[in-house]
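Heads up, the thing below is written out as structure tokens.
Which chain is which? They are A, B and C, in the order written, and residues in each are numbered from 1.
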Amino acid sequence: MADTIAPTNPADASAPRQADVRTEEMLVNMGPQHPSTHGVLRVVLRTDGEMVLESVPHIGYLHRCAEKIGENVAPYQYVPYTDRMDYLAGMNNNQAFALAVEKLTGLEVPERAQYIRVMFAELNRIASHLVAIGTYGLDMGAFTPFLYCFREREMLLDLFESACGARLTYSYITVGGVTDDLPDNFVDVCSEFLDYFEPKVDDYNNLLSYNHIFVKRTGGVGVISAEDAIRFGLTGPVLRGSGVKFDLRKAKPYEIYDRFNFDVPVGLPGGTGEIPRGVVVGDCWSRYYVRVKEMIESVKIIRQCLRDIPAADEKEGVCHKKCKTVKLPDDEVYLEIENPRGQLGFYVKGDGSAIPARVKARGPSFCNLCVLEYAGKNCLLADIPAIIGSMDVVMGEVDR
Amino acid sequence: MSFEEICQILKSQFGDAIEETAVDSCRPYVVVSNDKWTEVATFLRNDQRMAFDFVQCISAIDLLADDKLACVYDLAAMSPVSATEDMTYARELAVRVTTDRNNPQIASVAHLWAAADWHEREAYDLMGIDFPGHPNLERILCPDDWVGHPLRKDYAHPLEYHGIPGTTEHELKSPRH
Amino acid sequence: MTQFSVPWKQSPPLEYRGPARGIVALARMVYTMATPIVSRFPGPILLGAIVGGTLLVWAHWMLFGWVETIAASDVNGAAQSVWGQTLTTAEIGAYLDSHSIVASGILKYLLWPLQLELLRDLVGLGAIFGLFNLIPVYAIWWERKVAGRIQSRMGPMRVGGWHGWAQSFADGVKLVGKEDLVPEQADAMLFRVAPYLAFVPSLLAFLCLPLGSYWVFRNVDVALIFIIAMVGVEVVGVIVAGWASNNKWSVYGAMREACQMVSYEIPMTTVLLIPIMTAGTLNMVQIGDMQTGGWFSWNAFHNPFTFIAFITYYIASLANCKRAPFDLPESESELVAGFHTEYSGFRWALFFFAEYAAMFVVSALAVTLFLGAWHTPIPATWAFEEDSIVKIFLNGVLFSSPFWFIFKCFIFIYIQLWIRWTLPRIRIDQVLYSCVQVMFPIACVALVGHAVWMVLLDGTVVSDIIRWILGLLTAAVTFGFLSVAAFGYRNGRQMVGYLAVKQLPGA
């Protein structure tokens, strides 16, 4: 009787058959309330003991009709709603929507405002990656890096607060520019922060990235090849972790990114340079480490911004004068920018009035999450948080 | 390869199936006939000159004035995969496929681009477009028993869902609030 | 101004009734009175509590000893067997009078009950139970403080004033006050029993745990086996809890615990054979007393194999008490909370008491078996010749006392906390691999190597040299750690970053 039981898992076909133990598959609901699903993601796992045979993500628990709202308010009023999509990278969301509307309407943005935008987008990229890195440590059971990351993020939020008064949902970058000019001593405070922050990245690396247990937990887990990454439409650090050196800031420079000198980090095989052994291109560790390296690149960009930013011009200001009254032509536009989590695209269709006929957001987390069904197969239960965490999903943006 | 060149290749290949090329648009797009969409999509994906391997976005739109629904496919072809050189988009193309509002059907392209899977489910959920050939066409954002497709222009907001009362815009503007 | 009103009915503040009212009032009064005093003089109070507690135990021990003397002495010309029969008050009075001790009229009535074994046991049990409760309470508080400092924050700062010293008591009061929930679909009986199955064994382990040569409740000949057994039985509570909860995550936690147990117990018990081989006994008091005479006679430095055994034991003991990086049964990022997902309130607190008590027990085993038990690293004979009662007292208190024992145990608990807040968690297959395929072979090699060493090299010069090397190695590590800590304490009084300094309380 025992011999008739075939291995349920095709991947284990070559493994010695343990026919004397009758195992039963179990469906486990991971989420919507679960510590490491980063919000209200629900994943249904089909498990055989500790092995996960299949994982099916279910989303929509945070759906707030953001796109429908976009059809009822003017672009200038819609900017605060974009904050609520990827709430960890509000500045970048504002920027994406503002750029899409500006391209559609042809609004010119003052140069100083462009510098401010780039600067804040990069600062917010650091803040967002800090959360990603910290919570990823948390997923792996390391509590301390999380608080270190939040300590630094707190200072970033202070910088944001000094510029726009908000600490999470900024609406600072808006259609036609930014809402307000920088405070007087911002350049000094910001440089001080960058000087303080840059060595801290080494701390995170020593504490978490190169930790043997951490590498063992994430290296070679959830490997996504470059071809699959493109096939599934993955973007951002998830795509670059698979060894695809594609970054919209380089590939299709928006704003003034072509003026800056920076590098695009990609996932590298283990054993090269500082990459520990056991790491495979496209695994969780590579995706994680791309974020760490991107923070350094962001610091570089911000330093160049602080150096080159033109002086405030009273006459021109930092925002286009018609930003609140602009009419959208009967046309459509689709524009993508490089968000911390990937490419955030906004499709905006006008109909001649001041209110868009259709606003559609291409959330990077939404597109990245669809690979979970493919990557979260035939792994251990403990690998599922590792894979989800390395995607760095923000459910506010997945469900919109 | 510019937008015009892509249009020329498509027109020479499919003729009338390319209904319109909106060159002057802010972001140029081609309109592909609904019944030829599968062939065009396969050509865009597999032809050596096209090789659009990356789906940026699929946006469903409601063209209420024309009594039509449409899907806008933003496709891109990536330059050869490299871990050392900065890659770019070799070419980009926006394709619009319209469909009848009463029986909206657009052939699925999920078998060509894995990324299209969830985008099509979202379009089905929020705009009610059917994608024949999709492996798992279910609601993705709304609950499975939700009635109607919220992003349609004529969508009526339900006033009750499983005992949860809904609010209309009229109520929100009333002096009670 | 419009008032914000909640649509639902506001419940009136909770009123305590009956005896609860008096208890709460008393607790409030004590808290209100104690807080300002403790906040003002934390140091003297801490020291005073330690000295006072010790004196109390010593006084009661001396008193019992005195009664024993009376019982054993020749009263009224008739020899008394020690515990054979009970003395009468008249006999005690006669003894006191014969030694011309004042107030013998009252004293004889006070001394009479002290000769009953039951009373002695009750007092001893009270002391053990108090210790058993105090250790987790302060281990939890300490864990939070250590975690806070490691994470550049303060940890608890409010309750009780001085560094939140009463935080755990407050948490305990909260937990006891919470509703005792049993999930509808759970196996109610097992669900209720499981926390006790985890709690009681660790309490029982304390019964045989010697804190000093004479500071042991029951000096059992097989104490070591008993303690290991009790620590192992605790696992049953965890498995029952996970199974009875009727929650898939809990079952995962329980199965992981079962899986983990069969893998760590093997190397752990194997390496424990090494000190047993050295000592030739399972009696913990004897094993401890064999290591008198400074660090040179500590088991861990006996030879390289015992040193390896000590480290192996310590790693396995982390798995034993479910501490990081082996905290898989309750790994909060994978299994929500593992086996105690469905628990709340008092029953949940019992699990935590059991866990922290187990931390102390495994650290105590490490100290007793490998690191000189209750003895100082410096031989006490260097300081005092035990020729007078005062010197014996000083020797006992300062050099071979429970303080040393608890101090060493807390060092190991500290290392457990340190690891917990530094390392990520490993995966279940890696736990099995590391325990069965790495630690078990190492344990076997150490066992065989130690046996060979005992036969061939024990007592030779080589042995002494190796001891010196191992001892100096440990001393260097300890000194390095202490200097780093001292440097950090001196230069790190302020939290890192200008922001944290401004915002954190007490910084």
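As a working rule, a contact is a pair of C-beta atoms (placed from the backbone, for glycine too) under 8 Å apart; a residue touches a chain by one contact, two chains touch by 3 or more.
Keep in mind it's a predicted model, so treat the numbers as computed, not measured.
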{"item": "Number of hops, chain B to chain C, where each hop joins two touching chains", "value": "2"}
{"item": "Centre-most chain, if every chain is reduced to its averaged C-alpha atoms", "value": "A"}
{"item": "Chain pair whose interface holds the most contacting C-beta pairs", "value": "A-B"}
{"item": "Cα-centroid distance, chain B relative to chain C, in whole angstrom", "value": "65"}
{"item": "Cα-centroid distance, chain A relative to chain C, in whole angstrom", "value": "45"}
{"item": "Approximate Å spacing (C-alpha centroids) for the pair chain A, chain B", "value": "23"}
{"item": "For chain B, residues that touch 2 or more chains besides their own", "value": "none"}
{"item": "For the chain C and chain A complex, residues of the former touching the latter", "value": "147, 150-153, 248-249, 252, 255-256, 324-325, 327-328, 331-334, 336, 421-430, 496-497, 499-500"}
{"item": "Of chain A, residues touching chain C in the complex", "value": "26, 28-29, 34-36, 49-50, 137-144, 147-148, 151-152, 154-155, 158, 196, 207-208, 211, 213-214, 216-217, 380-385"}
{"item": "Parts of chain A lying in touch with chain B, wherever the complex brings them together", "value": "59-60, 63, 65, 67-68, 71, 103-104, 226-228, 230-234, 243-247, 250-252, 264, 266-268, 281, 329, 331-336, 343, 345, 347, 349, 357-358, 360, 362, 366-367, 369-370, 374, 399-400"}
{"item": "Contact set on chain B toward chain A in their complex", "value": "25-27, 29, 53-57, 59-62, 72, 74, 78, 81-89, 94, 113-119, 122, 126, 139-143, 150-151, 153"}
